[in-house]
Every structure is written in C-alpha cells, then in structure tokens.
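One structure follows; several queries about it will come next.
A, B, C, D, E and F label the chains in the order they appear, each numbered from 1.
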Amino acid sequence: MKNKIITFGEIMLRLSPENNERFTQCHEFEAVYGGGEANTAVSLANFGVDCGFVTKLPEHSIGQSAVNSLRQYGVDISNIVRGGDQIGIYFLEKKTSQRPTNVIYNRSGSAIALAEESDFDWDKIFKDATWFHFSGITPAISDNMAKITLAACKAAKEKGLTISCDLNYRSKLWSSEKANKVMSELCPYVDICIANEDDAVGIFSMDASKSDKEKNAYIAEELTKRFPFKMVASVWRTETSITTFKLQSMIYTEGKAYYSKEYFMNILDYIGAGDAYCAGIIYSIINNFDPQKTVEFANAASCLKHTVSGDFNLVTVDEVMKLAFSASGNEVSR
Amino acid sequence: MKNKIITFGEIMLRLSPENNERFTQCHEFEAVYGGGEANTAVSLANFGVDCGFVTKLPEHSIGQSAVNSLRQYGVDISNIVRGGDQIGIYFLEKKTSQRPTNVIYNRSGSAIALAEESDFDWDKIFKDATWFHFSGITPAISDNMAKITLAACKAAKEKGLTISCDLNYRSKLWSSEKANKVMSELCPYVDICIANEDDAVGIFSMDASKSDKEKNAYIAEELTKRFPFKMVASVWRTETSITTFKLQSMIYTEGKAYYSKEYFMNILDYIGAGDAYCAGIIYSIINNFDPQKTVEFANAASCLKHTVSGDFNLVTVDEVMKLAFSASGNEVSR
Amino acid sequence: MKNKIITFGEIMLRLSPENNERFTQCHEFEAVYGGGEANTAVSLANFGVDCGFVTKLPEHSIGQSAVNSLRQYGVDISNIVRGGDQIGIYFLEKKTSQRPTNVIYNRSGSAIALAEESDFDWDKIFKDATWFHFSGITPAISDNMAKITLAACKAAKEKGLTISCDLNYRSKLWSSEKANKVMSELCPYVDICIANEDDAVGIFSMDASKSDKEKNAYIAEELTKRFPFKMVASVWRTETSITTFKLQSMIYTEGKAYYSKEYFMNILDYIGAGDAYCAGIIYSIINNFDPQKTVEFANAASCLKHTVSGDFNLVTVDEVMKLAFSASGNEVSR
Amino acid sequence: MKNKIITFGEIMLRLSPENNERFTQCHEFEAVYGGGEANTAVSLANFGVDCGFVTKLPEHSIGQSAVNSLRQYGVDISNIVRGGDQIGIYFLEKKTSQRPTNVIYNRSGSAIALAEESDFDWDKIFKDATWFHFSGITPAISDNMAKITLAACKAAKEKGLTISCDLNYRSKLWSSEKANKVMSELCPYVDICIANEDDAVGIFSMDASKSDKEKNAYIAEELTKRFPFKMVASVWRTETSITTFKLQSMIYTEGKAYYSKEYFMNILDYIGAGDAYCAGIIYSIINNFDPQKTVEFANAASCLKHTVSGDFNLVTVDEVMKLAFSASGNEVSR
Amino acid sequence: MKNKIITFGEIMLRLSPENNERFTQCHEFEAVYGGGEANTAVSLANFGVDCGFVTKLPEHSIGQSAVNSLRQYGVDISNIVRGGDQIGIYFLEKKTSQRPTNVIYNRSGSAIALAEESDFDWDKIFKDATWFHFSGITPAISDNMAKITLAACKAAKEKGLTISCDLNYRSKLWSSEKANKVMSELCPYVDICIANEDDAVGIFSMDASKSDKEKNAYIAEELTKRFPFKMVASVWRTETSITTFKLQSMIYTEGKAYYSKEYFMNILDYIGAGDAYCAGIIYSIINNFDPQKTVEFANAASCLKHTVSGDFNLVTVDEVMKLAFSASGNEVSR
Amino acid sequence: MKNKIITFGEIMLRLSPENNERFTQCHEFEAVYGGGEANTAVSLANFGVDCGFVTKLPEHSIGQSAVNSLRQYGVDISNIVRGGDQIGIYFLEKKTSQRPTNVIYNRSGSAIALAEESDFDWDKIFKDATWFHFSGITPAISDNMAKITLAACKAAKEKGLTISCDLNYRSKLWSSEKANKVMSELCPYVDICIANEDDAVGIFSMDASKSDKEKNAYIAEELTKRFPFKMVASVWRTETSITTFKLQSMIYTEGKAYYSKEYFMNILDYIGAGDAYCAGIIYSIINNFDPQKTVEFANAASCLKHTVSGDFNLVTVDEVMKLAFSASGNEVSR
C-alpha cells in the first residue's frame, strides 16, 4: 500500500532582515513561507514521499504565494481551503553571537486562526491517506483549531491512519494549563510522539531532574506511561561554544532508548530543525528502518536543516544518507 | 504664535516587491512605513514645520521601527501610545503599464484598530497645538476609532485649533452608508476639507455630472453647502498615456475656485500623493499664502511626491518652490 | 470531457543583469527559467487549465530547479524525462531605449538537444490529453528533436488531440531552408497555427507586400491555402515611440479575419509575449469563446505579459478579462 | 535633576562592501553613519537617556542624512551646526579570518575639521546639560578642533557638568607627541576616563610591562596619578581563535579595580565597541550602579555591540541587563 | 602612423542610490568610477583605439579600484601617478520626472586637486602619442591643475599632437571670470573644440540670441573667430516630454555647419553623454570620416551612452554604426 | 632578464547563489569568472608580476566580460584567442557546515574545449616569456586540449622556459587511466610540480600509507623518482572543527622537505586556494626566495585566498608578507 502523509497546521509568511540586521535598522525583508507542519510536509516531499498539507489561506495572491511555495517542492495542495482575509506573519531577527533570536508574531486574525470546523471535510482529505501528522502548535492557534484538530484525529483514527504529533509547546500561544488540557485530549489518538524536555515541562510539568535517567529517556518513559505512544522521539541542541552547537537525538520504543551520534554544527538557520526531524522519523518508519537507523537518519536530516536558510529542509534522501552513514567527508567534488 | 500641527491615524508597515515584480514571484519585500496622516506629518516636518503624529503601536521593535521612521524626519513622536500586539501591514504590488496597483491589507487586529478611548489624552496631546489633521481613513479603522476621532475633534475645537480633514474614502474599509453616517458627524468640526470626486461620490453620493460646472468646483460648492468648511481643496490625476499622468489641483474658498497649472508626470510611486497635497495646503495656510499661491504650492508638493519612493514626501520647501514658481528647468546642476 | 493540454519543448535557465546593466558591467544575474512551450504551459496553469510540460532535464539540482519553477505554478511535470548533463542557458541583456535586446544562447549540448526518440513514450504522455502544443523552436533544437516532434504530432493526431503550433522562427537556430523543410512536414498535423509576418517570411518566404490585404490577414490566408489550419492567429507589436509600443492581434478562421483593439504599452519584459498569446488562444478555444472574444482575450493576455518580468505570464483569467472587457480603469483599489 | 548628556565629535559616512568583499572587487557600498561620540550618543538614546550630539555638517542632503541617522534613534540634534562643504567619509573593509580590517579615511577637509571656535556657543549647548563626553579623536581632527574641545571642557567644567573622555588614540590622525601635548591639556578637566593599553602607550608612553600588576589596573593607576580622574574604565578584546574573541572590562575607582566576567564572541561588526562601552559606563553612573554592576553592564553593552552591524549600538537596557545579569540562555522565544 | 590618444583629468568615485531613491532614504550606494576625460578614454578603448588616461590617485585600494575600472576596458593606465591621500567623490541623485538630478561633490582635497607640476613628465607621457584630450573641468580643479594643463598643452603642441578640448563649464568649480581667463590661455593650443551653448555663455559670455543663426552654429562661428579651432562640435539634449529627450549634434568646420539626425530617447543615465560625444568625434577624425558621417557617428555614440548606467560608454563601434547608419530596428535578435 | 609568465587553460563563468542558499531556492547568481590557470595569472598580476593568460573565448560580450575580468587586475590578455560559441560555466553551491560544496559543470561544448591546435601560435605566445604554467585540468578538457598542451610544453621547453604544472586531478573530467596516460606524457617537460595526495592517488595511484614518511614528502619523493621535477610543492587543508580548517604546505627540493607553519582558518571561499598557492610558489622562485621562505610565502598566499570571495586571489605581496613574516596581529589600523 502506497504511503500518503497528511500534515495539518498554519503556514505563515516569514519576514527576516538580511545579513543579521536588527529590525530597527532593516529596510527590506527576506520573504519565505513556513510553519511546523508545512515544513514537515515539504521535507517529506523532498524525500520523494507523497505528502499533502492542509490549512486555510486567503484567496489573494499572498495566500497564493504560500500555496505555490509548497507546490514548488511537490507538496499536494489540493486540500488547502481558500478563504478568510489575512495570512499569519512572523518576523524573525536572527541570533547573532550573544544576541538571541527574536520572533514577533502577527498571526492572530489569520484565516486558519478563524477557521470553522465546517471548512474541513476529513473524509475527503484522508481519502487514500495512510498517516496524519500535526504539532502542538495547531490546536494552540485558537479554540476552534483545538476542536478541529480533535475532529481530525478522530477521523484519522477511524480510518486507520497512523498519527504522529510533535508536542511543540509554544508559550507565546497558550498557557501550560490550557496546553495540558487540550493535548491530554489529543494524545490518546497519537501513535508516534515527538517531544523534548521543554515540551514535557511546558505541557505536562514533567521534571526530568527527579530521576537518574538520561533526561530524554526519562521523559519518553513518562509519556508512554500516560499515553499509548508506540514511539517517543526527541532531538536536542546544546550550545558548545558561541559558534557551535551539538545535535543529538533519541528514540524510545518498546521500552528501549536508542541514541544517535552527535553533530557539531555551525548554524545558518535556527528554525524548522524539529520539523525536519519529524519528517526524518516519518520517512524512517514508512521505510521500515530499524530503531538505530531511524534515529540516525532523523538526526542527520535535522542536522542538515540547520544548513538551509528558510523554514523548509531542502535536502534529498541521498544527502541525508551520505551524512548519516557514509564515511566520506564533505570535500568539494569536482 | 508658533504653529504646531497634530495628525492622527494609523501608520502601517508597507511591504512591496522590488523591480515591479508580482507577489507570486517575489522573495523579498522593500519595507517602509506609511499611512495617510503619518505621511502628512512627515511632509510637514520636512517643510520645517513643528508637527506631531498620534497613533498606537506595539512596544516590540517593529512598532519601534515605525516610530523611528517618523522620528528620523523630525516628527514629534512623544504622543504615540505604545501597546497592543500587532502592527497594521499593507502589501503593495506596483502598477506596471496595463497591470494595476494591487493593495492587500493585513491591518485588522492592529494596535490602533483595537485602541480604546482611554488610550488618548487629548488635553495633553493638544497642549501647544494649533492645528489638528486627520483623514477619513482614521474613523474607518474601527468603531472605536470613529468614536475616538469624534472625541479628538471636540477637544480640538474646544481648544481653538484649526481642523483639517482629507475625506479619503476607502471602500475596502467601510461602506458608503457607514462612511456617510460617521463623516457627517465629524465634518461639522472641520475647517479645511480636502476632497476629490471619488470621496464625494463614495461618502456623500454627490453627482458632479448633474451640473455644468467643473466637477471639483461643483463638489466643493456642494460640500460647503452642507458643512461649515472655510476651504475645500482637491487634487486629481488623469492618465494621459500609459507612461504619463497629468496632475492638477483646485482650491475653493469664499465662493471662488482657484486652479493650479498642470504637471505631466512619469510616476515612481503612486502612494501618498494626496497626503503630500494636504501638507502643502496646511503649509500654505499657516504661512498665509494667497489662494493661487496655495494651490500652486500644494499641487507642486503633490507632484514631487510622485517622484519619491515610499509613502513619505521627502522634499524641502525650496524644492517645491523651485518647481512651482521658478522658470529654471531641471538640468543637472554641477 | 476535461481538457488536458500537453506542451513540448526546451526550458532554459535565463540569466539577465539587474537594472538594465550591460553584460560587460554586471556582476550578478537574475535567474529565472523559461522557454516558449514552458511559458505557454505556465500561463495555461495560471488560467486554471490542467496542463503538462514535456522536456528532458538533467537530474542535478539546476535541472530540478527548472522542474520546480514549473511545478510552483501548477504545471504537471510528471512527464519530464530526467537525464543528460547540461541545461540550456540563455543570457538576456534588456532593451534600453535605442540599445536593443541582446540574447546569447548557451544551449547546444543541453539534455533536450541531445535527447533520443526513445526518451519519450507518447502513448503514456498523451494519456487523457486533449491538446498538443509546440512551437517552431522545438524541431529547430536538433535533428533528433525534429524527428521527435514529428513522432509526437503523429501520436497526437492518432489519439485525436487538437494540435497547435506557434511557428516561432529563430534564425539563430536554423536556416530558412531547413525550417521550411521541417515545418512543411509538421504543419499538416496542425489545427491551430500561431504565426506572424516574421515567421511567414523566415520559414515560408511569404511576401505580404505583394498583396493589398492587411499583412497578417494575407499571411493567414496564404498559410491556410498550404496547410489544413482551422485557425491562424497573429499578434504584433509596433514601436510607437521610444517608450511605447502598440499591441494588436488578429485571428483568421473560416475565411474571415477578426481584429482586437490596440494597447499602448510601456514594456517591463519583452520575452514570452507570443507564448502568452498562444495560451490565450488555447484557453479561448477550449472555453468556446467566439472569434472576437478569442482575439480580445489572447491579445489582453499578451499585453499583460509585457508587465511581468521573467518568461512566464503570471496573470489570472480574472485579470485578463478585466483588461479585455471591463470599462473600469487601473486605479489603486484600496 | 534630569540627566542630559552632550557628546561632541565627528560623524562620518561609513562605506563598506557587502559580504566581506574587498574594495577591489566591490561595486556597491553599504552606507551608514558613525563616529566615536555619535555612537555613544545613539547608544545612550537607545537606553532611554536624554542625549544630544554636537558637530558641524554641510547643509546638503548627505549632511542631512547624517543628522537623520541620529534623530531616528532619538538623539537631540538641535545643536548640530550646519555649514561647510564636505562630510567626512571612511571606507571599511571587514576583517575576514587572517585578512585584517582595512580602514581608509577621506575626512580631511570635512566641515567639522574646518570648523571655527565661533561655530559653537557652549553656553547654549550646555544649557540643561549634566554631562559632557568626547573622545581623543575629537581634538585630533584638526588644530582648531583641539582648541574647540578645550573651550568645551572649560565651559562644561564651569557649569558643573561631569566630563568623560575616551582617550581613543588614532595613529592615523596624529603623532604620539602631539596627542600627548593636547590630551595633557584636556585631561585635567576629565572626571571619567575610558582608556585601554593601546591608548596609554600611544598617548602617554606608559609601559604596563614594567609592573607586575594586571595591565589595565596598572594603567588606570598610573593615569589617576597624573590626572584627577574619579574613575578609569577599560575594555579589551583578545583573539582566542580565528573565529572567537574574548571580551572583558575593568573599572578602577577609589584605588580599586573591578573586573567583569568574560564573553566569548563571534563578531559581526568590529567598529564602535569602545563607544558602546562608554555609553554603558555613563548609563551606569547616572543610574548609580555600584562598581561591579557598572563594569558588568558596560561590558555586556560592548559585547552586544559586536553583534550589530554599523557603528551604532542598537540595543535596549533590557537586552543588556538580560545578558549581563540573567541566567536564562538565548534560545528562540516563541 | 598608429593613433595613440592621451586624456587628462580627474576620475572620481561616483556614489548613487539604487532605484531612484533620494539621499535621505538610501542605505547603500552603487559605486562606479568616472570623470569627463576618463569617460572619453574608456569610450575610445571600447572602440578599439589605443588610449591612455593620466591623473593622480592615492596608492590605497580605493585608488587602485579606480585604476582597475579603467584597465578592465583596456585603457592604458601606465601613466597614472600614484600618491596623495584622498580620491575625489561625487554623490549622484538621479533625475526622476519633475525632480532634477542632484550632484554633491566631495572632491576638494583629492590627490589630483593637490597635484604638483613635477608629478607629470609630459615627455614620457606623450611618447608615441598622437592626440591629447582634456576638458574644461581639468584646469578648473585647482590653480595648480590650470598650470599643469597649460604645460601639457605646450608639450603636446611641441610634439605635434592634435589637441581637443571639451569646454565643459562647471559653475560649481569656478566662476565665469576665472574660467574665461584660464580657458583663454588654453584655447590657442586647441585644434578641436567641443562646446555647447551653456559652455559658451558660462565661459565666454557669448549670446546666441543676438544672432538669427541657429544657436550652435552661431557659437561655433564666434569661437573660431577667437581661437584657431579647426572644428567646433556640439551636442544638445532637449526635453520633449517628461519621459523623452531629443538629442542632436552639429559640427562646424571650414565655415560650414553639419547637423545630425535627431534621436528621441528615454534616458537611463544622464552623465557622460558629452564625454561619449567627444570620443565619437575623435574616433571619426582619426578614421577620416567626412563631416556628415562624423556628426552622425558622434551623435549616435552619445545617444547610446544615455542607455548605459555609470559614467562610461560601454558600446562598440559596431553598435554605434548600426544605430547611426543601419535601417534595421532594434528588435530582439534570436 | 625580466620575468614573463604565461598560464594556459579555461576560464569559466562561475555562478553561485548568495548567502549560502541552495540552488533549489535561489533566484539570482553572483557572477564571477575563474579557472585554475586564470586564477594563478591574476594572483601573479596582483603581485606585480608580468603575466599573460592564454585561452579561447567567444567573441560575444560574455566572452568579453571574461577577458575584462582578467584585464582589470592587469593580466596580459593579448594572446587570448577569440572564437567559438559558448563559454564554460560552473555552478557553485557553497559548503555550509555539514552540507558540502556542490559544483555543477556546464563546460562541455565551450570554445576552449572545442579549440584546435591551429588556434594557438606558441612561438608568438612565448615571445619574451620566461615561464609556462598549466594544471592537470587543461589537458583534461578534451582530447584536442591534451594535444595542444603537449605542443605548448614542447615549444616552451625548446625556448628554455621554466615549466610548472599543478597536477589538479578532477575525477569529473577524466578517469584515472586517461589522466595517467596523458599526464605521464606531459610531466617529463615539467620543472616545478604542484601536487597533493589526492592528485597523486588519482593520477598515479600512489599510496602514501605504504610508507612511514610524512605523506606529502613521500609523494614528492616518489614523483621525483618518476619525473625530472626540480621541486614538488604541496598544500593541504584539514578540517579541525566544523568552522575551522588548518592549512599547511610543504616543498620538496634537492631531496629535502620544508614545512610551513600552520594557519587555522575560517573560510569565506573554498575555491582557488591551490591556484593561489601555485602563484606563491612561482613568485617565490622568480624572486629567489630560499625554500623555507618559499613555502611560508606560498602557504600564506593560499591562506589569504580563503578570505577572498570569487576564484581570484586579490591580495598584494605586502599583505602576504605581513601575514607570513610579521609578528603584528590583524587589529583594525586607524
């Protein structure tokens, strides 16, 4: 049976100054489109997987540009609902040495935030689909979106799709209390959970310091106690110097934790690495990789995302494989 | 007594593709800030007039950038209220031969649209002020803003300020019915009205074709019948070929119409020409220009705005004077 | 029956200096992708028509970028053959007043120029298709391509597709003699011929000056004498001043010529206007427009192409309709 | 009593190639404005301090642009004298790994270099002022400027202002002998001296290697022996690898040295870090920070300047405080 | 005998905002190099003529970039003296509809303005040379430069070179009185004079309105009465609408005036057209064109300069010939 | 006797996305020209050495731009043959952390690849020349080019020129077998061989691991056993972290290896470092540097190349000397 992945969420216009400028000195913005679940969809499409993204976007030509940004990489956009007046926007000031990333949202009032349950016909959307993916951002967008996400989960479960969720806690979008309440309703439908310590703390008030276990393994274990997750996957980035970060991943499945090797990275773009990781996990599972290969593949996919500007992970399976599993270096080939 | 002008309205982030690109092909936006009353304030400041702009903007650094864009040209920003979450945005696709200008608004939900009456202390704002200017866009932003504008007019009138209003009808912001109702309440406070045929048709359903008079004079006369305007001023742009437009102005005062000469222009930027005209009218009146000099100065100011990219009219009094009243051409001076 | 259009030809990387610079002073190139039949496909896709483009492109990521440039606007790229080493490139120096457009080709040795007949399975390509479009550039690319185009015509005819051909004579690609020989073999398969005077002179040595008839009508009549064309369509651009051109079109069908109105244009991009015209003709026919509506629609589509930078006509049916048939001007709508 | 800081010096047009290009390959320059004392003024204005900058600039619109660059960040520009013909310019080629920064001055003949004593009315300038700041660059500009700076110091002292001076030795502007002579006349007026080892060596031929003390403390002690400084403050940058520098500061007051923590930085812009440090010192003193808090605040301010392109330190007090005193990292907040 | 042309003057760094921006809104400058005599040298080199440019430039890498800008087009730079500290700079704000060109000079204090007579060894410079060209800007730069130019003329005359001079009056550089005095000393050495009405009025107070003759012919006749010119050549540009200018030329030789045809141009760059005209005149004479061919060639060369951004005329002899003498239009060749 | 160096090979148009973008997201290319032997020529010209580059380029203006790119830095281009239709192109995607450099060639069919032996008159080319340099890329371009290179070597040897060759193995251009065969014919003519381990493995299947000697010394020794090389020089780059590389060089002459110091670099541009090294070796030899000074100079030249974008090493002898032999750091000089 052919795999068909559906991801659901918001795609925004991302505006960032060139050359690490600050907002207060910039006079033009680099414009790309992105958002957690859209990013995962593009990454999967770049891996050659049949993948569709579902959202609601205005009919005007900025909305169309968001659609085209997905279509250019082969994402199926036939289930994007068109309507509403505004597109969500986020402004991004890039981290520069001691100066941290600054994100300013301009997304309340977007078409998807104001979407209604009746906008989405999940029977039609899930026709031929085998997998449903969303992140914790989607139900956080609005009360309606929380309801719609629940409806999507129910429909997906009914149709026998695998469901994956990146917990992706965003404190600027909702409180821990609200996140706890909503995510606790959604998680029972989820098969594959992507979560890291911040998510577990923010949503479920878990405290990894209580245990002697490695933090991510502890959290994964706790999560599987609460919810019927078949797998919990984590990726984490540690600052090792002002110019380098270390990236490592873990997957926890059938009571066992598998750890990837570490990458020491110099980061071009800090956004979307978790979304690329989700795509790596999904790709691995639908291709029946064993747990160790899965965690290496997803970790390498996430590592490469850090080298690509914009939200989208524009890399091929070959490139991920070469980084993850090939001894050969990264010299100029000519 | 020293003149101090206060203008009130919304300043937005304006995003436009470079090089006449369409939205669906652009990947970066030129970013400037602008809006009717802000534009008028900047133009007056560039004329050396003491001028303040009043609005509400978020505290974040995009809001700060809007503030700075005004401050750089010398506008007094001390009465800008800071608060709210979002800044209004408009996307601008530039007219290119047969392809018309395309404006997409992303302004509902902006700080000023959600502003409360209590945000503005008109006693403090109008301290030392001699003139209050707004346009029909300001009360169109939201019901609250209509109320706030009325409160501002009342306070201004009480304090003896001259009040000017550019009718500036925007069909994307409100219906003719609503505009008629709100503007009919505001106009009794207005001394100087800037209006053109579109405004008169859109708001007051006037029909210049009923009369044999020149259209702008007819409308001015009709407006002065309804409201206690001391002057009605109009500027209009006529397409004379695909690359040239003709600009002309009229002012109507004490029952008489005065017409400016015409300029045949090649237009660099279509936005803000009316706002620059308002600044020209205000500058002329506070400098006691006679009606003919007034209409020539304001018309030349508006003409030069068409040569400056962005919303703001970055020209000096000397430059306007030279265009309006000097025989010498525009050869390279070197 | 749902329409499905297939176009066939070469898509190249187009490199042009910014800001009307000359090649000898430029240090960066604007990069877009384009080519006659690809341009027609994109225009049709932007009109909402199901349309596929067929070519051969290298597997490398420049080849992929050409694919993505089509996919982003919704062109079906599933029948693009991947292989070969090089992509065709053309350098474009833009016309600037008295300085003419300069095109330098770097396309010999491209994947499509070296393509083999066995690369294309026309049975599969034409499955569900209703229309086949190519231009005179396609058989001019190489001897193999002339053979492949003939095979495509035969297969299309056999399957009952409508066939359209833009004669598009390119003296830099082949001689009049060779063009005459090859096109004379292809034209018998063609139903709808797009041709202008230069094409008729270059390929068939027709001489409109021999007749008293309007030139385009004369040529159309002559062409229909030689070939079983159901329609001949022409569009022509006349320099009316150093900044303006006049655009007009004619279609000739069932022995009668229909002329469009004229547009006086200021041109942003000189390339692809004929290809946009072809898309206008095809769209009109599959929507059963009458001849006069057809010529107006196609002429307006071609006019708007002149306002869009790049090879592709990024306009919607609504925009073409508004220009062609609506009285309202092109003022800022806001 | 409200603080009002006055800084005095030259503001230049800074021209630098994009993307670390060399002068011999660049074709466009990023244009910003900057200069030691102007930079300090902007940084203080960004900290919310009332601050004015004094200089002389031509009336033309490049001069006006320099004025506007200050005004946009809220610096009081009402005491800038307008006149003269030229603006000082400096060309900046950015350090790139082993290739050092290259600065080319084009500033002799600037309006401020040719300024006369009569250009500045210090009574008027210092009205309401509480603090006067200049650097060793100001008297180095020309003989006239040395005299004018002395006049300013005398007037400031008479009016009871606190006076700070960044020694800022520039070997391209004057010899050690001349610097020694002039600075020895000015330093007796100075309360707060900012100085590092290079300055002490260049101007006063001090030799820190003679002593066992930490170099900066030694120099501070020596300076306080010669001049009646209440505080000497230093900041120094040490190359720790080809991509990282270490930044640390010291203040010496009442016979005691206080050291800040160290920052390991990746540098975006090498210019203006000392000027930002001066602003940090001034801000700390007028806010009555204790010596340890002062040195940490000023050091963090200087650290953040390295992350901002251009001469100006575009950071807020909150941002400096967060870096200097908050445990939380610099993760994306969203 | 092979022709070798020497031109002498100042080459400056030209800084202009992109996209018709004003100085007060621009944040980056397009950087090219240019100056009257350098422009003429580059144009001649592009025509394939052996041509050297003489000036003085600093040794630093901005000076080197000016040298390289000439060398890249094949100008002989072996006689450029290196020394001094500053390069001349001019800021250029481009004419935009009613807004005139604005030039701000930053050239006093440049290496060439401060050059000494001993910097130039005319015997060496004129070795193998056949022609010496300068313009009225060169002696206007400084008193020393007036002396040096006279020395050059004497040396050239002694060696039998043809001498051409473009009067090129610049009111920003010197008064009419001074120009008259200096140019009256230089003109007796000149064989070929390029002059238009502004030059004749500015330097020699000629008044063409006194005569019934065509203005340029009148001036040429008057000039030949005063000085031993073998030819006087003029080019003039007339504004015919806000978007178009008319260009026409005249040469007067042996008592007779020859007029070129007219070009109606849309202008990309207003600078250097006179310098390109000089190159056209010199090229024509050394190739023994008859007067009518000379005036057409030079006029067409000047016309094409208006289509090239920057000071330099980057066109070939073929391109000039095609415009001047070929019937064929300027359609896309492909 | 004055040195005159001739280098021979292909110069290509290099197209690379800005800002570390991937090909699949870029919309404009930075355009420079480069190629191994051209790069060496430019570097030598920047060192003040008389140097000519020989190749074949089309007559069109892209070909001319390649010529101008060399001429601007003073390379003698009088022996470049003009003809053919296409210029070689290479696309460059820059290495970004774990993502490796990606080079796509579009060079088959270039003028030089199709050049004939008769295109080059080596007697004329080598007139006054003292040194001939080429790299292993030149004979790899085509069979003809292998023959032409051999002819050049024979002519050079006959005329007594010193011959240097950078083995520069390129697996994308030819197989090891073919490289072995061709290079074995050419090497007997070579005096100075530049080679690193990859070259020795790729062309001569040498295996440094067989020996206990330092790898580069082993290879140099082996090469001198096979061929009459007077010197073998190597430079190698080792990744020391994701942001830093170590650069070191060795020269082997008269049976002895000399090693340079190491540089730890952060790399701006990965291309052309070997070519810059060759220029450093040649410069050292013609200036009679001793072996240790030679290896330090060439290593420092190569190090600086990593800091310059584009293929060319735009540094002076002074800059190389300062890095190689001066203790002083790389602080801002001002």
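Here is the rule we use: a residue touches a chain if its C-beta (ideal position, glycine included) is under 8 Å from a C-beta of that chain, and two chains touch if they have at least 3 such contacts.
Quick caveat: nothing in here was measured; it's all calculated off a predicted structure.
Note on connectivity: the fewest chain-to-chain touch steps from chain B to chain F number 2. Under the contact definition, chain E and chain F share the contacting chains C, D. When each chain is reduced to the average of its Cα atoms, E sits farthest from chain A. Summary of the copy comparison: rotating chain A onto chain F for the best CA superposition needs 120 degrees, to the nearest 5.
Distance from chain D peaks, on a Cα-centroid basis, for C. One simple way to say how far apart two chains are is to compare their mean CA positions; for chain C and chain E this gives 45 Å. Centre-to-centre separation between chain B and chain D, using Cα means, comes to 41 Å.
Residues of chain C in contact with two or more other chains: 18, 22, 24, 27, 68, 73, 102, 105, 243. If you draw each protein chain as a dot and join the dots that touch, the picture is not a line, a loop, a star, or fully joined; it has some other shape. Per the contact rule defined earlier, chains pair up in contact as A-B, A-C, A-D, A-F, B-C, B-D, B-E, C-E, C-F, D-E, D-F, E-F.
Put simply, chain A touches chain D in their complex at residues 19-22, 24-25, 95-103, 105, 170-172, 239, 241-243, 270-271.
Those residues of chain F lying in contact with chain C across their complex are 15, 18, 22-24, 26-32, 60-62, 64-65, 68, 85-87, 89, 91, 93, 102, 104-106, 108-109. By the touch criterion given at the top, residues 68-69, 71-74 of chain C touch chain A in their complex.
Those residues of chain A lying in contact with chain F across their complex are 18, 73, 243-244, 263-268, 303-304, 306-310, 312, 314-315, 319, 323, 329-334.
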